[in-house]
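Structures for review follow.
Next, two complexes with chain A in common: one pairs it with chain B, the other with chain C.
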Partner chain A sequence: MDTIQKYKEVFINHLQVTEDQLSTLTYQSVSTWDSVGHMGLMANLEDAFDIMLDTDDIIDFSSYVKGKEILAKYDVKL
Partner chain B sequence: MIEFTSINFRTWAKLGQRGAFFGVAVFDIAEQYPKLMIVTADLGFLSGLERFMNQHPQKFVNVGIAEQNMIGVSAGLADEGHIVFATTYATFITMRSCEQVRHYLGYMQSNVKIVGSGAGLVMGFSGNTHYTIEDLSMVRAIPNITILSPADATESVKIALAAANHNGPVYVRLTGELNNPMVYKEDYPFEIGKAVVLRPLGNVTVFATGSMVYNAIKAAEILEAKGILVRVVNIHTIKPIDEAAIMESTQISKLLVSVEEHSKIGGLGAVVAECITQFGVAVPLLRLGIDDAFKHCGNYKYNLEQNGLLPEQLASAIENRYIAL
Partner chain C sequence: MVIINGFNQYSNNKLAICDDGRILYYSDFNVFDNQFKAKTKTRSLAFCFCKNTPASLFGYLGMISNKVVPIMLDAKLEAQLRTTLFEIYTPTYIWLPSDMVGEFKAGTEVFSWESYTLLTFDSSNSKPLHPDLALLFATSGSTGSPKLVRISYENLLSNANSIAEYLSIDENERPITALPMNYSFGLSIINSHLIKGATLLLTDKSVMEKGFWELLKSGKATSLSGVPYTFEMLSMLRFFKMELPHLKTLTQAGGKLNLKYTNEFAAFCHTMGKRFFVMYGQTEATARMAYLPNEYAVAKAGSMGIAIPGGEFWLIDHQKQIIQEPEVVGELVYRGKNVSMGYAEGINDLAKADENNGILYTGDMAKRDAEGFYYIVGRNKRFIKLFGNRVNLDETEQILKNMVPECACVGVDDQMVIYITEPTQTENVINYISGKTGINPKAFSVKCIDTIPKNPSGKTLYAQLANQ
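Then we have the complex of A and B:
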């Protein structure tokens, strides 16, 4: 599985959204991406890409698009 | 049904003890106990209750900034057969509501579980008014209240479930911040009143509770590199204390140490001191905790450093005392 597909699948599986929702998906735009869902999403991304996100990046991770920028800092090329 | 899996442990760690308790465990409790009620004093969102409030509005009561009233309302609900969790910051629930806690939970033994979040020094720049450094001392002097203090977010989930199952009043003391360091990476059996030996070998025994369990483990690792083997025991139940675990430690240790994010007066160190005095054994006890002073406030790490509670500082204090034996 390529990296971008892996990134998409974490969102789709964890937040129970469809692929066509991803490009505009932001924190709290769906009920599953609340504060609890956010931390589960972060843990699943860490697990998928074998990284450890800094607290500042966890707080800054406000959307599907922003997440790509943040993961780039961890050498995850999407 | 909650699954104790590694990915969940990691998620809960990110949520912190409070988020794991009120964002995860309470849903399991709500399934098991239809008469669950959660009462707060204006701290729904800040307690991580956002999801619960949305999904179970009929099981949630916000009394506003009225902590004493919160305890009275909670006791009334409990006396009508509900299992009640009441929550706000630890300093408010134990100090501002102290008389109500004493009378409704201690004296009347209403089945209320009070959950104090942000205990210790984690409230940072909110300052000394929001720090909770005397709660263990106060609450453990009140009869009939079980006191629980989780070491990490996973144990916070375990404690939430255990408190719901426990028939009687409970005080749960939540410490640490988001991204709470993980003490437990695998599932383990939890029982109220039964301490957990996390590092079994050594002739120094450190009793630690809450956020300080992780720091004690890190201090033990530092000392091991210097040739000093240190046992670490997680005292997740302050009352009733596991006397057997303390007694056993007095028999195999040259030095006992207590570590807590609480005043050195009246908390875990005092409990251990009372036990060894009662046993009539003579093992030195080094008590590490928050100094008997109101210091300048700062961020969490700064506050811990001011009180010598960072791992390197704990290791240094233990080493110095051990060498001086």
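Then we have the complex of A and C:
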């Protein structure tokens, strides 16, 4: 599976959203992405890409789009 | 008698630092208080829709000051549950975020301050309020339960004083608000600091948001309080690697923290010269009943501690006899001036006098060790905590019965299991209950079974559910 597809699927599976919602998806824009959902989302991304996110990146991870920038810092090319 | 009586001596102190950088002084509240008083009638009932903002805070304090009695509610409470509560309690006032004003069309706007508006309603149906009654908390806030806890002015003051005493709170403290003020634990942090002239770092953001940490750092927060889930989030946020020299105290309540985290935080705080307090309480006791003194945080990890100053515990067996021996499990009973007046299930109950006489049967099963420290081992009431929200299982069933007439709810903290008999409804049930309660769907799982086991009189046999 290519990396972008893997990235998308973490969101789709964990936050129970559809692919067409992703581009505008932000923290608290859906009921599943609250602080509880955020913690699980970060853990799932760490597992999927075998990375360890820094605190600043976890709390800065405010949208699907922003997350791509953040993962780039960990050499995850999306 | 009331929380705000000492404010005059703190006029020049900062009351709050907000996440937009604004500073509010204790003298600012006095200005607000005078305006608010002119618009409200003392001894009337109000809804206070809470957020951690200056307007929400000042509205609450203004009501206490003017002896208006607020029902403390979450501003995010689902619309239909909000309407139901309104119809049951017919408040004279609602203090709410101005963008919600349109939802209460029968109201008249009488006062606005910053982002909040005071609505007044026809009070011809209002009922007398007991003179001691200060405010009301929901027993199960997220399910919109009409069952409220009646808190007196003496309850508020005695609990705030006890907490300030055992945490050694003074005017130099700067706690950051990580919990909502409609939640008894969240409000106890506010009250116990304001009686000492301390400064709140006021934010509605969660520990998962950048703005929270910016305020914590720029405002030099001295303490952080959370429910078990907060501490799991802190652990994930690599809290142990953060440099927070001003943060001297961590307090945890609102459910039993997993022992792994208790040990980690206790050891970390011990090494770093910070204080870590595990605490225990219930809304029925205003908030706090017990704390584990910091010096025992490591040695007695897993214990809920000892009674707060002015309080007392004992354990009783099935025959209501007092258990004398250590290490024997019984129901935990508490006595103290912070024990609430009782419950209210409707407007007529608001005139009732104190029914508890300072004694609370907690419904929690506990044991005491030989040195007098208490340990919670279970709970015999039908409620669980979901990410810090107390949720009544029977009320959840009532809400769900609108969709699935046959259902039964059980579970442990942070995981409710809903048994249904209609397999096609599994996903709908989760979406529905998550939408109603505003709690993340991950807290709920659904199991489909053939029939819900019941006794001949129709009562659900919860113990048999696991065997289905």
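Everything below uses one rule, namely that the second predicted complex is superposed on the first by the 78 of 78 C-alpha atoms of A that agree within 3 Å, B and C clash if a C-alpha of one lies under 4 Å from a C-alpha of the other, contacts with A are read in each partner's own complex, and residues count from 1 in each chain.
Quick note on the criterion: contacts are C-beta pairs under 8 Å (C-beta built on N, C-alpha and C of every residue); 3 or more make two chains touch, one makes a residue touch a chain.
What you see is a predicted model; the values in this text were computed from it and never measured.
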item: Side-by-side fit of chain B and chain C on chain A, or clash; value: clash
item: First (chain B), second (chain C), both or neither touched by A:Tyr27; value: second
item: Partner chain(s) touched by A:Asn44 [first = chain B, second = chain C, both, neither]; value: first
item: Which superposed partner A:Glu19 touches (first chain B, second chain C, both, neither); value: neither
item: Touching partner for A:Ser35 - first (chain B), second (chain C), both, neither; value: both
item: Winner by number of chain A residues touched, once chain B and chain C are compared; value: C
item: Contacts of A:Thr55 with chain B and chain C, given as first, second, both or neither; value: both
item: Which superposed partner A:Glu69 touches (first chain B, second chain C, both, neither); value: neither
item: Footprint overlap on chain A, where chain B in one structure and chain C in the other make contact; value: 31, 34-36, 39-40, 42-43, 55, 58
item: Footprint of chain A on chain B - complex, ascending; value: 7, 10-15, 19, 23-24, 48, 50-51, 54, 178-179
item: List of chain A residues in touch with chain B within their complex; value: 31, 34-36, 39-40, 42-44, 46-47, 55, 58
item: Touching residues on chain C, where the partner in the complex is chain A; value: 206-210, 212-213, 229, 232-233, 236-239, 241-242, 387, 434-435, 438, 440-443
item: Residues of chain A defined as touching chain C within the complex; value: 16, 27, 31-32, 34-40, 42-43, 54-56, 58-60, 62
